[in-house]
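The structures considered in this document are given below.
Below are two complexes that have chain A in common, paired first with chain B and then with chain C.
And now, the complex of A and B:
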C-alpha cells in the first residue's frame, strides 16, 4: 500500500480542502445558508466496501458522478441520502413548486448541483497545481451505498483497480438537516501522479 | 431536432424602462436554464428569453434571429461552449456573450478572454445575473 509522508498527506488534504471549500461556498450561494464541512479524510482501500462509508450498506443514496482526466484521473462523486434529495432540490429552487413538478425536476437539479460542486472542487485543485483537468458530463445514479462504485455490468474492471484512494469530505446544511459527502476515487497510477505533482508543488512553493 | 424556444410578449409599457432586449440561454441543463431565465425575467420584465439545449440548436436559432445577450454553458454534449462562443462572437460582434459555467479553471477563463467573451462562474444567483446585465446595460 502507499505510504504518504506527513507533508504529502497534509498537502493533499489541503488541496481537497481548498476544492471542497470552494464547492461549499457555491452550494451555500445556491441554498442561501451556511454549509459546514468536515476535515477531509484520506483512506486507501482495495474495495469500496472496506471503507467505513459503507457502514449503512443498504441505505439508498443519490449520487452525481463525473470522471476526470488529466495528469491524474479518477471519479469525483457527490453523494447524499435519497430521502433528503427532494428537500435539497426544494431549497435550491427557493420558490414553491408543486411536489410533482419537483419530482420531475429532481434529477436535473441534482445533476446541475453536482456539476457545480464537483467542478468547483476539481477546478480549484487544477488551479492550485497549474494542471488542466478535463471533466466528463455528470451522470446520476440512485442505489444502495455498498454498490456506489460498481461499474454498470463490468466485472472485469474490478481486477484492474487494486488500490483506491478515497478522499472523503462531509458537508451539512443544518437548516434543512441535509448531509452528504464528496468522494474522490483514484487508482494507483493516478495516486502516484498526484503525489508527484504535490511534491513539485511543494518544491516550487517552499524550495 | 427542434430548438426549444419560448417568447415573452410585452404589453405593459411600465416595464419598458430599459428597451426590450433578447437573450439566448444555451445550457444542456434544463434546471440551469430555468433558474437563469427566472432571474432575468424577474429583473428585466418583457425581455425575450429563448433557450437552446446545445450548440447545434443554438446555431440554428441564431440563423433566424439576432440576440443582444448570449449566455453559454461550457460543458455540453457535442460542441463545447468555447467553440460555440467563438462562432457566436464571429456572428455577433456587438452582442454581450458570456460563458456561464461551473468550470472555474484558469485555462477556461483565459480562453474565454482570448476569444472576446466574458466569464461568469456558476452557480447563477439572482444578484450575479442581475448585476452583470445591469452593468452591461449601463455601459451601452
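And now, the complex of A and C:
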C-alpha cells in the first residue's frame, strides 16, 4: 500500500500540473487553437483492475507509451478509449471527414501529442527534483484495455507487481472535452524512490 | 561518399573493419551518407555537428555551410517552433521527441522530390529526436528526418475520396428518402414480385391489402396473374375474385380483407430486370368509385332498354290489335258508301264520306305506327349499302306509284356507300323525298339529293324547293303526330319524319333540317364512318 502524505500528494500533483500546463501551451501553438489540459484527479492504485479503465475490459484503447529510467523507472502512458483518441486527433487536425480508424499519419500525430504530454510530465518531475531521467522514444499500442499492461516480452516477475499512478487528463478544445488517462507504471521500489525524492525536495524547500 | 579500396589479400588489414579501412568515423559517415533519411547531429552547445548527404541534397546546403551553426541560424523560421523546443528539451533533459507531419507541416524547409513539386511546396517530414549520451557524459541530439510526402499525398487522396463518398451517400440517402416518400404516399398499392414468386409490398397501401391485416388470397391471385415463369402454375383463384375476362388486357380483381369492405382493384403489371433477374411491378388501383358508376350506368341502361321494349311492345300491340276492329268499321263504311251512295239524302252521303275518310286516315296512321315500332323491333342486320343504287331504285318506285313530272328527283353526283339496313334506308329516303315533294308546288316541285364527306362521316342531303319550315319547328317536326298544317292542306299522318329519325338513330347517325320559309328545306342525314359499338342491330 502506498501511503503518501497530503503534502507529498499535492507536490506530485503540482509537478504534474506544471508539466501538463507546458504541454498544453506547446500544443496550442502547434495546432493554432486553444488547447487546455487539466488534471482533475491523481490516484495511486496497486492493481490495474482498480482503475477506471478496467471497468470496460474489452474496450479498445489507444496508448502512447514511453519507458523511463533513472532513480525511479517504469513506463508512462497516455491512454484513450479508441473513439476518444480519434476525436482528439481530429479535433487537433481539424479534420471534418472522419475515417473509421486512425490513419498512419493520425497515429503518428497522436504519438506526438502523447510524447509532448509525457515528456512534459517526466521533464517537470526530473527538473524540479533535480534527477535526470532517460526516456525512450514513444511507441503506439492499440488493444483491449484489460491487456494494456501485458508486456510483449512476457517477463512476469511475481515479486515486482507494478504500482500505478493514474492521472485523469481532460483535453478541452474546439467545444468538446476529451477525457484520457496518463498512467505511470512503476514497481514498488521506484515509487518509494519517487516518494523519497519528493520528501527530500520538500525538506530542501521548506526546511 | 568516400570509397575505400578493399585489400582483401592482406588478412591483417581487415582486422576489426570488414572493408579493410581503419577509419571507423569515416565508415560511419559513409554509412550515414548512404541512408535514405536525413540525419543531423547537434552538439551540447546547440551547434550542428553532422549533416548527411540526404540533408545536403534536400536542403541545398552543404555541410560546410551549416556545421558549427545553430539550426535556428540555418533555418531562422524554426527559432521558436516545435523543432527548436524539442532539441532544447533533448539536450537539457534528455527527452526524445516525435515530430509528426500532421501537427507540423513542413517542420524544416526542405524541398519535396520533383514528382511532388506540383502539389507540395515543402517535403512533408516525420522527425525523430533522440538524445545520445557521449563517452564524456555529454549529450548530443540526433535528428532523423524521413520524407513522408507520399504518405501525406495518399492521406489527402483518401480523405478527398472519403468526402466524395460521404457526399454521395448523403445524396443517395436524400433521393432514396424522397423516392420512398413518393412511393409511400401513392394512392395505388405497389408491389414487386421477383422471379422466384416472392411478392413484396412496397408501400403502405400494398401492406394494407397484402399484409397480415389484408386479403390472405390476394398474393395467390397476383401470382396467378403473373406471366408463367415456367414453374408449376399457381392454382386458379375462385372465379368470383377475378372480375374481368382474362385476355382483354384489363385485369380487375376483388380484394376481400376480413372485417373490411370488399375492394375491386384494377391490376397493372409491368416488369424490369436487374442483377440478371426478372421482376414484376404490380400496381393495384382501387376502382370502387368507377365500379359504382359502371353499375349505375348498367342499371340505367337495363331500365331504359326494358321500358323502351315495353313501349315498343305496347305500340305494336296497340296498333296491331286496333287494326282488327278498324278493318271491320272500314269495310262496312266502304260497303255503305258503295251500296247506298245516292240512295239516301245528301247529308247521309256526306256523313258516309267522312266516315270512310276517317277510317282510311286511321288505317294509315296505324300502318305508320306499326312501321315506326318495327324500325327497332324488326331491323335487319347491317350490310354495305350503295346509296346511289338505292336512289335509282327509289326514283323507279316513285315513277311506278304515279305520274310525276320528269326530273323532279335529281341525284347530284355519286352517293356514298354506308353500312346499314337497306330496306330501312330505302324507307328513310323515300319518306324524305316524298315529304319534299309533298310540300312543294306539284308542277315545279324538285328534290335534289347530294352528299359530302367529312373526316368522320358521310352527309346525304335531301333538298326541296317547297314551302320551307319556320325555324321554331325545326326540332318538333321529328316528333310523332307533329303536324304543322291541317290535314286538308297536306296529307300525312305526322309519323313519317319520326320514322326517319328513328331509322337514322338506329344507324348511329343524326337527322337535321335547315330551311328558309318560302324557298325550301334541306334535310341532312349524317352517317358515321365508324359505327359506334352501342349501335348494334340487336341493341335497338
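Throughout what follows, the second predicted complex is superposed on the first by the 149 of 207 C-alpha atoms of A that agree within 3 Å, B and C clash if a C-alpha of one lies under 4 Å from a C-alpha of the other, contacts with A are read in each partner's own complex, and residues count from 1 in each chain.
Note that contacts are C-beta pairs under 8 Å (C-beta built on N, C-alpha and C of every residue); 3 or more make two chains touch, one makes a residue touch a chain.
Remember, predicted model here, so these are calculated numbers, not experimental data.
K.L.:
With the two structures laid over each other on chain A, which partner does A:65 touch: chain B (first), chain C (second), both, or neither?
P.N.:
Neither chain B nor chain C is touched by A:65.
K.L.:
Report the partner of chain A that touches more of its residues: chain B or chain C.
P.N.:
Of chain B and chain C, the partner in contact with more residues of chain A is C.
K.L.:
Touching A:11 in the superposition: chain B (first), chain C (second), both, neither?
P.N.:
A:11: touches no partner chain.
K.L.:
Counting only touches as set out at the top, which of chain B and chain C does A:85 meet: first, second, both, neither?
P.N.:
A:85 contacts neither chain B nor chain C.
K.L.:
Could you look at A:103 and tell me whether it touches chain B, chain C, both or neither (first, second, both, neither)?
P.N.:
Only chain C is touched by A:103; chain B is not.
K.L.:
Which parts of chain A are touched by chain B and by chain C alike?
P.N.:
26, 29-30, 93, 95, 105, 108-109, 111-112, 115-116, 119, 123, 126-127, 132-133, 135, 137
K.L.:
Please output the residues of chain C touching chain A within their complex, sorted ascending.
P.N.:
Chain C residues touching chain A: 82, 85, 89, 93-104, 126, 128, 130-131, 148, 151-152, 155, 158-159, 162-163, 166.
K.L.:
What does chain B use to touch chain A in their complex?
P.N.:
For chain B paired with chain A, touching residues are 28-32, 34-35, 38, 75, 77, 101-107, 122-123, 125.
K.L.:
Contact residues on chain A for chain B in the complex?
P.N.:
22, 26-27, 29-30, 93, 95, 105, 108-109, 111-112, 115-116, 118-120, 123-124, 126-127, 132-133, 135, 137
K.L.:
In the complex formed with chain C, which residues of chain A make contact?
P.N.:
Residues in contact with chain C: 26, 29-31, 66, 89, 92-93, 95-97, 99, 103-106, 108-109, 111-113, 115-116, 119, 122-123, 126-127, 132-138.
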